[in-house]
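Each of the next two complexes has chain A plus one other chain: chain B in the first, chain C in the second.
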Partner chain A sequence: MDNKTVETISYLARLKIDKDKKEKITKDLENIIDFVAELQDLNTEDIVPLSNPLEKVAPKREDSVASRNRKEAFLSNSPESDQDYFMVPKVVE
Partner chain B sequence: MSWETVIGLEVHAQLSTNTKLFSSASTKFGSEPNTQVDLVDLGLPGVLPVVNKDAFKKAIRFGLAIEADINQESTFDRKNYFYPDLPKGYQITQMTKPIVEGGSIDIDVDGDKKTINITRAHLEEDAGKSIHDAYPDKSVIDLNRAGTPLLEIVSEPEISSAKEAVSYMKALHQLVTFLDVCDGDMSQGSLRCDANVSIRKVGDDELGTRTEIKNINSFRFIEKAINFEIKRQIKVLESGEKVTQETRLYDSGKDETRPMRSKEFANDYRYFPDPDLLPVVISDDEMEEIRSTFPELPADKSRRYISEFKIDESEAEIISSSRELSNFFEVAVESKNDPKLAANLIVGEISSLLNKDNIKIDESKLSSDNFNILLQRISDGTISKKIAKTILAEIWETGRNADEIINDQGLVQIQDENLLEEVITKVIESNTKQVEDYKNGKDKLFGFFVGQVMKETQGKANPKAVNDLLKKALNS
Partner chain C sequence: MSIRFKTLAELKRLLENKEISSYELVNETFKNISSSKTNSFITLDEEAALNKAKDFDEGKVDGDLAGIPIAQKDLFCTKNLRTTCGSKILENFIPPYDATVVDNLSAAGSICVGKTNMDEFAMGSSNETSYYGTVRNPWDLERVPGGSSGGSAAAVSEGLVCAATGTDTGGSIRQPAALCGITGIKPTYGRASRWGMIAFASSLDQAGAFARNAEDCALLLNHICSHDSKDSTSISDEQENYLDKINNDLKGKKIGIIKEFDISSLNKEVQDSFEKSKKIFEALGANFVEVSMPNIKLSVPTYYVVAPAECSSNLSRFDGVKYGYRAKDVDNLEELYVKSRSEGFGDEVKRRILIGTYVLSAGFYDAYYKKAQQSRRMIKNDFVNAFSEVDVIMSPSSPSSAFKIGSKTEDPIEMYLEDLFTISSNLAGVPAMSIPHGFSDGLPIGLQLIGNYLEESKILNFAHQYQKNSDWHFKTPDLGESS
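And then the complex of A and B:
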């Protein structure tokens, strides 16, 4: 773990990290990784990856519409909107 | 130097379910913005996604059709990125254990058959829609599409030309529409394609650097975009430079591809298993149910039409290739109409009218009921097949009832032998030269006389009666 990696992942997660805390965070993350890295010593060859700790399977839903239009409530809950749309800062490719 | 092209396609098929993949909001196209949005689609805290049974059914049906392996236990992962039309900040997809793996699709390019292997097909949710030109300094978001189920179908890089890519897309389009997996409407974005294109020297084992052309939404643009990209890459390589791995967009107006603004960081989606979703298990009983409701595919339909209805092979192939046409044909036949006659009109007159207007049969003004009437009137001798074409053209424009048109325009076929004999006598008397030639052995002139009689009767004469009576008159 180095400063560059911390910068990259904090950018990807859109987290702003104060300059004076960067050292500490880098160190913390390094400790976490070292701790988890102990798992690397285990032999997992014949073990199926666990996709969920609950030993249950997903319930399935019938394909019928059961949701009503709550456009006004949703739009008014957003920082900015017009009559029809959520409004965001301009994003153009 | 000669080059060869390597293409792999990623096709997103919007599944024709009523509701979204993880919420019970409607997926209907074209509704007022943001009216088909659920708490789950908004990604509000505290909500949990619940999978749509039918989305799995449709994905499995596709998998069975391409003879793929179905993972009866599949899982969902999160693909993390930030974009305003993706409220949760991640897309739920199937990275590690997709529902469909393997399988293949047969294509036909100008008579050459080829099999394209499928890597995988997985379920994922669609994003919302961003609109950038509504305001000068704002983008706006419509989340109606957010959460709509997609089946992403990934091919092996085994496609070697733009033409093959188009054939593959057409085969896929036919398959998903017949399976009722996707409505196939490319103009509405129901079926869209990303093409990975690379070039290498003939004989090289290693693949060249690829570019990805995003979101191509018509057969024609697939061919044009890929052909442009092939030429561009060859030019780059022949000038001694290197192809940059990047994502490009096809601009149909300028007929060119150009790079999307490159991101500051390379895409890094940090996939991980979605803790909100348990593994989805499809029981053997559920698999059996899906198998037992498997629809008839074009090749089977075509064979059945030939053996059951004795229609021509070429007609059977054309009708069975389209879901809409085959439905239309089957309704006509179920109503006890002559299958050969129905097939003939569908492949001939009706297909050419459809092509002219570039529409599907269910978008035309010709209803199955009205087609039934038309077929019955030909079979019972009220009208000739020739007149039927005139009536079809009128129905095409106005949608009027066939019987009404026949009555109003006096199109009832002339069967009356006395009346026909009168016309024939007139034709013979005014064409004495041709009659002489005919009698001297110019048999081909018979058609000329038929034509003259038809002209005199505005095409309403019964062709069989005209033939019989003409022969009698000319040979006397």
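And then the complex of A and C:
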């Protein structure tokens, strides 16, 4: 874990790390990665990865309309919207 | 009449006998909250709560929990009531719907008085990562209540409410229950709906309850749990009445002690309490069996790959567009995302998003994420094997009693090890609970009971029988002038 890696993953996560915190966060991330690194020595041959403890297949359902359109309710939580849309800064010049 | 420290069952009786009205109960609750020094609540809902109490008093509401004031962790969406998840990024978020758990509890007639403080996005074991300030432990205001459901645990411990909801991703119900001297339970993964719970790590998150004893937890669980078609991992198996088996005999039952949990390294008082608790169960006729769970030592590192990975994915939805905090003075969309997220999230949340992004990124996925998922299966298999031999597994809930505020904030790994005993149950998805069972340095400590899949009734039975033969759950903090 070095400055460059932290910069790359910060970019991927759309986070900007303050200059004065960069050193501490790099060190923290390095320690955490070291801490979890013991997993790499683990013999996991023939072990199927477990992504969900129940291992159930997601149930299927009818594709039917379940609730009414609540456009106003959802738009009202937006920091900026007009009657029909979420508003964001101009994307195309 | 003082309602402080009354159990849910006691308050129900008082209401049924008309010795108190729900209005008085709710009114008194808000009085107690206003003089509290623990910072347990982020948002209160006084007007609505008092109106609901009036409705109950006028005979318009019934149900198992009718007229009883409870608190909701601020991670559950509550319709028309601000839900922050302990974060600045959701400071002004007012959900247009109720979480299923909230819906269920209100259908049972309970009255939500407010939303409890918590670690930001449930990421923390001390409540110190909350944007709304640290919660203080009612037993010692200089100490943490545990986390992430620290506000709920402190509110019940202080006697502000008799019951509160929590969520548990790696120990966030059991560790604060232990540190605050109350009872807390996390059911089997999938038993309670996650719909309307703000997601942290979706394959680990599970809702549960805090109360003063196991019997109250059983009653709460009857309503918190339900099958929900809106949650694709919701369990559809028939649900038991969790009170039915609570008085079962423990004679001949087997309790597993995990060989690989080195209790001798813990503080002497923690060890002594553990031994004394064993004697109580032995006197009730239960037998102890050592079970080997060789992979359980991998739990904390496995968790700190799986949970951040899922968190980085879940928290990508916070972009300042559809809801939540939006940064000002930005020139373009990219900057809007980056600035809103960077200003809206706290340091621990950022750390976990970055770790998650790292372990999922090209070139590292197999080495970390896939490996952790494999080790997760090995841990689950250890539980499956252990439960072929024993009824429940017993361990301390946390390595020590509540620590001083600020004492572990500099070193994230030291904080992560707080969940040493609790994390494995989340990885396997089995139910687990914590009950008070002694003191260390004058502060409460907890005993953890872990059950097999869907055997909530069994751990509640063990806990209730323990509490019928001990008095730790009757102990309450000395609140000095605030009481």
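A few remarks follow.
Simple rule for what comes next: the second predicted complex is superposed on the first by the 88 of 93 C-alpha atoms of A that agree within 3 Å, B and C clash if a C-alpha of one lies under 4 Å from a C-alpha of the other, contacts with A are read in each partner's own complex, and residues count from 1 in each chain.
One rule holds in what follows: a contact is a pair of C-beta atoms (placed from the backbone, for glycine too) under 8 Å apart; a residue touches a chain by one contact, two chains touch by 3 or more.
Keep in mind it's a predicted model, so treat the numbers as computed, not measured.
Using the contact criterion defined above for the overlaid structures, shared-chain residue A:V48 touches chain C, although it does not reach chain B.
Touch criterion met: A:D28 reaches chain C, while chain B stays clear of it. In the superposed model, A:Y85 makes contact with chain B only, not with chain C.
After overlaying the two complexes on the shared chain, residue contacts for A:S64 are found with chain B alone; chain C is out of touch. Of the two partner chains placed by superposition, A:N3 touches none, neither chain B nor chain C. When chain A is checked against chain B and against chain C, the one touching more of its residues turns out to be C. After overlaying the two complexes on the shared chain, residue contacts for A:L12 are found with chain B and with chain C alike.
By the touch criterion stated above, A:K56 is placed in contact with chain B and with chain C alike. Shared interface residues of chain A (contacting chain B in one complex, chain C in the other): 8, 12, 14, 49, 51-52, 54, 56, 58-59, 61, 70, 74, 80, 86, 88-91. Across the complex, chain A is touched by residues 17-19, 23-26, 32-38, 42, 50-56, 73, 75, 80, 82-84, 96-97, 130-132, 134-135, 137-143, 249, 260-261, 264-265, 268, 270, 273, 275, 277-281 of chain B. Touching chain C in their complex are the following residues of chain A: 5-6, 8-10, 12-17, 21, 25, 28-29, 31-33, 35-40, 42, 44, 47-54, 56, 58-59, 61, 70, 73-74, 76-80, 86, 88-91.
Every residue of chain A that touches chain B in the complex is listed here, in rising order: 8, 11-12, 14, 49, 51-52, 54, 56-67, 69-71, 74-75, 80, 82, 84-93. By the touch criterion given at the top, residues 93-94, 96, 189-190, 203, 229, 232-233, 235-236, 298, 300-302, 304-305, 312, 316, 319-326, 330-339, 341-342, 345, 347, 350-351, 353-355, 357-359, 361, 367-368, 370-378, 380, 411-413, 416, 427-430 of chain C touch chain A in their complex.
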